[in-house]
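Both complexes shown next keep chain A, but they swap its partner, so chain B is in the first and chain C is in the second.
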Partner chain A sequence: MAVDTIPPLINAQLNYLRSNAPFSIKVEQMWSGCRNPSLIDRFTLAIPFCLDYIKWDVIYNAQNPLAAPDVIFGPEDEAFHPFRGMREESLSNSKKNCLLEWNYKDPACLLTLILQLRDLYMVYQKQRVGEVDDERLKFELGTIISKEGLEMYMSSGVEKPEEVRFAVPLLGMDINKIVIGSSWRQQQKIYLQVIFPVVGKFTNKPPVPRLKLVSTPDLRAVLSVEDVRLLPWSDGMCLAEYLPTLEELLASQIKDAVTLIELRRQFIVALAPFFGRPLEADSVFCRKASFLSVSGIFTFVVHFALTLQFPKQPPLLVLQSSQHFDLRGAAIKSSSLTEYPWSPRWDVSEMAERIFDFVADECLNFRKICNESVHQQQR
Partner chain B sequence: MESREIKEVHIPGPTLSSLLHRMSTSSGDIDGLLFGTISLNAPSNLSDDVSSSSAADNSPSLIATITSFFSSSSTASFYSPSAQINLPLLRTVVPRSGTLIGWFSGRRKTALRPSMRELAVTESLSSTTALNFQALNSPNPITLSPSLFMLLTTPFRKEDQLLIHTHDYRVYQFRLPAGAFEPKTMKIINIGPRVGNYADYETNSPFPEMPCEIRDPDSMSEDDKSDSDDMNLASKNQSQLDICADGFQLKQLENLTGPVASGYTGQVEELYSKMIAKLNGLAKLVEQSSATVLEQENRNMKLRYKVAGLE
Partner chain C sequence: MEASSGEYTLPPSTYSSEDIIFCIDTHNECLREMKAKGAEGQAFTRLDAIKQSILLFITSKLTINSDHRFAFCALGNSPFWLQKEFSNTPESALASFRKITPHSSSDQADLTQLFRAAAHEAKRSRAQNRILRLILIYCRSSVPPHHKWPATQKLFTLDAMYLHDKPGAENCPQKVYDALVDTIEEVSEYEGYVFESGEGLPRILFRNMCVLLSHPQQRCIQDDIDIPKSLPKKSAAVEITAGGENVPSSSQELSM
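Now for the complex of A and B:
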C-alpha cells in the first residue's frame, strides 16, 4: 500500500506554519480529496482565538499543488467574507490580499494567509459584537475597546444562548522580563475571560458575567492563575471598575511568585552541603532537583519536586535506586514521600538538614523494599 | 443595487446526473459554469389543494432553470486565486445561445459549506455587469446577474461515510446588499405524469437555429432587400446542408408517390447509408481527439507533479 504523502510544496508551507506561528496552531486532521487517496491535500487547523480555538479547513488541490489553497470557515461563520470588496479598494488598503501574489515556492505564504485571515476575523467579530443590541454590552465595550490585544467573540447558534465573550489582556508589564533567566519563546500573558449573556433591554439588575483567569501555558511553571481567587462581582459593577483592582492583585501575585523562585533557589543551594552537588536542577524556576546519595554500599538518587506552594507545602521526595531494576529494566522508585517533619518557618539550612536526616532513615526502608522486589522477581 | 430574489432552482434530472458523473469521474476537485434561464413565473392558482392556495403569495416569482454546464478538468478555470474573473476567457467559453446564470464547485470530502473563495468568486461574477442578462417572460425588463452557486461535495466525516448516498449538493444565491449566500431549494425536473403534463414541458437544449429556406436552387432569389449578413449565413447553412444531402435533390421527393416509388426506396437507403458512414467517421474523429485530450491532460498532470516535486 502506498504511504500517505503530503506534496512537498504543501508540506513545506505547513511545517513553516507549525514552527513559526506566533501562537501555537494545531493541525487537527489531514486527509485526501483525490481519487488517489494517498496524496494528502486538506487539513483542519485549530487557531487560537479569544481563549478558544477556531477550526478552519484548508483545502489544497493535490492535482494542482502550485495553486493557492482555499479555506472553509466554521459553520457559524458563513457570513464571514474576508476579502470582500478588496478588489476595488486594493490601493487604499494597506493590507493587501496575499492571495493576489501567491507564490508556491515561498514556504511562509500559508502562515501569512492564516495570520491575515485571523486579523480580518477579529475585525469581523468586533463588528458583530458592535451590532448586538444590548445597552450594557455597548457600555462595557466602550470602556475596554482601546485595550491593546483585546479579542472578542459573538457566540450564537440554534441551540446556544447568545453571549459575547471577551478576552481582556491584563497588566501592561512584560512578564518575560520579570522572570529572570526565562527562555520563553512566546510572550507570556494573563487574560481575563468575561462572558456576558445578551439580555437586550436595559435592566436594573443585569446578570453577573462569568469570569475566569487564563494564562499562557508556560506561565504555569511560575504562577497558577487558576489558584488566584477572583474578587466578587457586586451588583451594578462594570469592567472599568473591576479591572484595576484585579490588575493590582495580579501584580502583587506575580511579585510574590518571583520571590518564591528565589526562596526555592536558596533551598536547593542549601541542600548541597548535605547531599553534594545536584545531578540535575531546574535553574530557572527551581521546581526540580536531583541528588546522588550513598548509604553504605547502597547508591540511590533523591528527586525533589517543589510545588508553587513551597515553603507552605514540603517538597515531594522520590527515591530511585541505581542498583535495583524491575522486570522491564527500569530503576525501582519509591512512592512520593511527603510525610516527614516540616515547618515553613524553619530557615532553609534547617529544612535541608531535617530532610537529610529523614532520607538517611528512609533509605534503609527503601533498600529493603528494593531487595524484596528483586528477590521476588528471581523466584 | 438590491438583487432580486430567485425563488426556486430547477434542474432536469439528466443535467444533474451528468454533473454528478462529471464530478465522480474527475481525478480531483472541479468547477465550472452553469447555463440556463431565469424566468418570471406567475404562480398557478388553479390548485385544488385548499390548504396551500389560500394564503399563498400571488406575486410572480423568479424561477431559475439550469439546463447545461461546462467544466474543465481542474479548478480555478476562469478566476484567479484572489477571485478575479477572467472575462475574456469566460467570453470564449460561454456559447452565444446560452445564458450564464452561475457556477458550481465540486470538491471531495469537504464540509457542505461555501468556502472563502467560492463566496468571493460568486461576488465577482454577480458584480461583473458585462454578464448581466434579462429575465424571460417578464412584462417589465428585469436585469439579473449570474448569482447562483451550486456546491457539490462527497461525505467527509467518518460517520458520514457509512451513509448510502455518495454526493451532497446545495444551491445558493448570492444576494446584495447583504453580500451573503442564501440557500435555495432545488427541484429536479423529470418528464413524467408527476411533474405536470408533457405539454408543459419545454425543451431547453440550445440547438442552433438554421435559417435556411427550402427552395428550388434554380429559382431566382426575389428577396434581395434582406440583410446581406443574414443572406450570407443562410447560404452558408444551405451549402452545409447540401454537403449532408450529398446530391440528393429536393425535387426527388416528388418520387415518393407514383409509379417510381419502388425505385425511390433504394435512393433514400443509399442516402442514409452515406450519412451513417459520415456519422461513423465523425464519431471516430471525436473518439480519437478525446483520446488525445486525455493523453495531454495526463501529460499536464505529470508535469505539474514534477514541478511540485511529487515524483
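Now for the complex of A and C:
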C-alpha cells in the first residue's frame, strides 16, 4: 500500500509557510490531483482575514513540481482577479508579480505568494466596501479608514443579507511588553468586530451594528475579552465616538488584568510556607502551581489552578496520589475541588492558611477514595 | 544558573517546557525484588517499580503542564534508544517498556555516550525554546558509573534515582552514590537531584520521583528541599503539633 507523500519541493514550501507565517495559517485538507493518488499536490489553506478565515485552494502539479501553483479563491470572490489590471501602487509589498517570478528553489515562495494575494484581497475588499451604496456606511468608513491594521469584508450572497464587517484594531500599545516575562512570539492584539447591515438610504434610525471584542488567542492567559461588558450603542452613536471610549475601557481592563497577575503571584508565594516550595509554578501569568504534600505516609501532589476571576473565584484544586494507579497505570486524581471556605476579602496569607486546613482534611477523603478505587480494580 | 536558597519568591521570568529523557538501567540487578507484591501476589521487581514510577511521573507532570514531553532509553552494556522522538503520552512510555529485556551483567557503566546523545537532543530542544533533562535510573550496587564528558559542556540537567542493595562486603553502594553525586555536579546545567533507596519500598521510590517533578529552572539546592511537606493530621478535637513544622492555628474568631 503506497503511503501518501508530498513531493519534497512542495513540502518545503508548505513547511516554510507553516513555520514563518506572521499569523496562523491552517492547512484544512490535502489531496492528489494527478494520476498517482498517493502523491499529494493540492491543499486548502484557511487564512485569517478580518477575524474570520478565507479558504483558498492551492493547486500544484506533482508531475511538474518546479512550476508555480495555481490558487483558487472562494465562490463569493469571482470578481477577485489579482495580478490582472491592478494598479502598481495598490500592491503593498513588492511590485513584482510573485507568480511570474516563481523560484522553485526558494522555500519562501509560497508564503510570499499567499501574503501578496492576501494584501491584494484586502484592496479588493476595500473597493467592494467603498462601492456599497449606503450613506451611513460610507460615513463610518471615512472615520476609520486610516487606522493601521484595519480590515474589512463585504459579505453577500443568495439568502444572505448584505453586511459589511470591520476588524478594527484597538489600542496602539504593545500589549506584549505589558506582561513581563511573556514569551509570546506573535504580536498580541485586540480587535473590535463591527458588522453593519447594508440598508441603502440614510434613515433616522440606522440599524445598530453587531459588536464583539476579539483578541489573539494567547492573550486569554491574561484577559478574557469575551467577558468585557461592551458599552451600549446608543441612538445616533458612531464609531468615531464609540471607539475612544471603548479603548479607554480596555486600557483600564488591561491595567486591572496586570494587577491581578501580581495578586495571583502573591497568593502562590503565600502558599509556600504551608505547602513547601512548588514543584512548578507559572511564573509569567501565575495561573497554576503544583505542590508535593504528605499526610502520614500518603504522598500526593496538590495542583492549583487560578482563573482570571481570582480572587472572586477560589482556586480550583486537584489532588493526585503518588501511590494509587488506575488500570492504565496513571496516578489517580481527585475531581476538581472548589467548595471550601473562601472569601475574596481575606489577605493572601489567610487564604493560604485556610486552603491548607482544607487540604489537610480533604486528603483523608481522597486517600479513602483512592484505596476504594484500587480495591475495585482488584476484584 | 544558580539555584536559589532562602525564602521562596516567584519573579516574573520565562521558564521553558521540558523535554525529559528517562534512562532505565537494564542491568539484571533491576530484577531484584522489592518489598511488595504485585496485585495477584506475584513478585514485584525493581524494574516493575521503576516502570510504575515513570508512569506516575509522566501523568503527574502532564497534569502540571501538558506541554512537557518524554523520550526513553536504556542502559544495558551500553546505552540504546527505546524511543527517541519526544511525545507527551503515557502510551509511548508503555510501548518503550515493552522493548526492555534486562540481561546485562556488565561491570562497566560508561555514561559518556549517553551524555553525548543527551547533549545532541539538548541542542534541538533549545532551538524550540525547551530545556532538556536526563533522568538516570540506576540499579547497580557494585558498579560506580564513570564518564569522560567535558566539564565545560553543561547543556542539560541530570537527575539520578538510585535503587540498590543494602551495603555489604560484596558491594559498594556508597561509592556508587558518591559517583552519581559527582557526575551530576560535573554535568548538570541546572541543579540536579539524586535520591537513593536500599529499602526496597515502592512508595519511597514513588515519593522521590514526585520530588523529581520539580522544574529545574525553579529548583532550590538539594540541601534545601522541604518537600513533601507534612500536612497536620487532623483528629476530632485535638491539634497535633509536629516538631518544627508549620502548623496552622485554628482561628477562634470568624474572619469574613
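Quick notes on this one:
As a convention for this text, the second predicted complex is superposed on the first by the 370 of 379 C-alpha atoms of A that agree within 3 Å, B and C clash if a C-alpha of one lies under 4 Å from a C-alpha of the other, contacts with A are read in each partner's own complex, and residues count from 1 in each chain.
What we mean here is this: a contact is a pair of C-beta atoms (placed from the backbone, for glycine too) under 8 Å apart; a residue touches a chain by one contact, two chains touch by 3 or more.
This structure is a prediction, so every number in the text was calculated from the model and none was measured.
Once the two complexes are overlaid on the shared chain, A:V71 sits against chain B while remaining clear of chain C. By the touch criterion defined above, A:A281 lies against chain C but remains apart from chain B after alignment on the C-alpha atoms of chain A. In the superposed model, A:M30 lies in contact with neither chain B nor chain C. Applying the stated contact rule after C-alpha superposition, one finds that A:A62 touches chain B and leaves chain C untouched. Judged by the touch definition given at the top, the superposed model places A:R84 against chain B, while chain C stays out of reach. With both structures placed on the common chain, the touch criterion links A:L9 to chain B but leaves chain C unconnected. Touched residues of chain A, counted separately for chain B and chain C, are more numerous for C.
When the shared chain is aligned, no partner comes close enough to touch A:A305: not chain B, not chain C. Chain A meets chain C in the complex at residues 180-183, 261, 265, 268-269, 272-281, 283-284, 286, 288, 290-297, 299, 301, 303, 318, 320, 322-323, 325, 328-331, 333, 343, 345-346, 350, 353, 356-357, 359-361, 363-364, 377-378.
On chain A, the positions that touch chain B within their shared complex are 5, 7-9, 31-36, 39, 42, 57, 59, 61-68, 70-73, 75, 78-79, 81-84, 86-87, 97, 99-100, 102, 104, 117. By the touch criterion stated above, chain B contacts chain A in their complex at residues 26-29, 74-76, 80-84, 107-111, 113-120, 123-124, 179-181, 301, 304-305, 307-310.
Chain C contributes residues 7-15, 39, 52, 55-56, 59-60, 63-65, 90, 94, 129, 203, 206-207, 209-211, 213-215, 218, 220, 225-234, 246, 248, 250, 255-256 to its touches with chain A in the complex.
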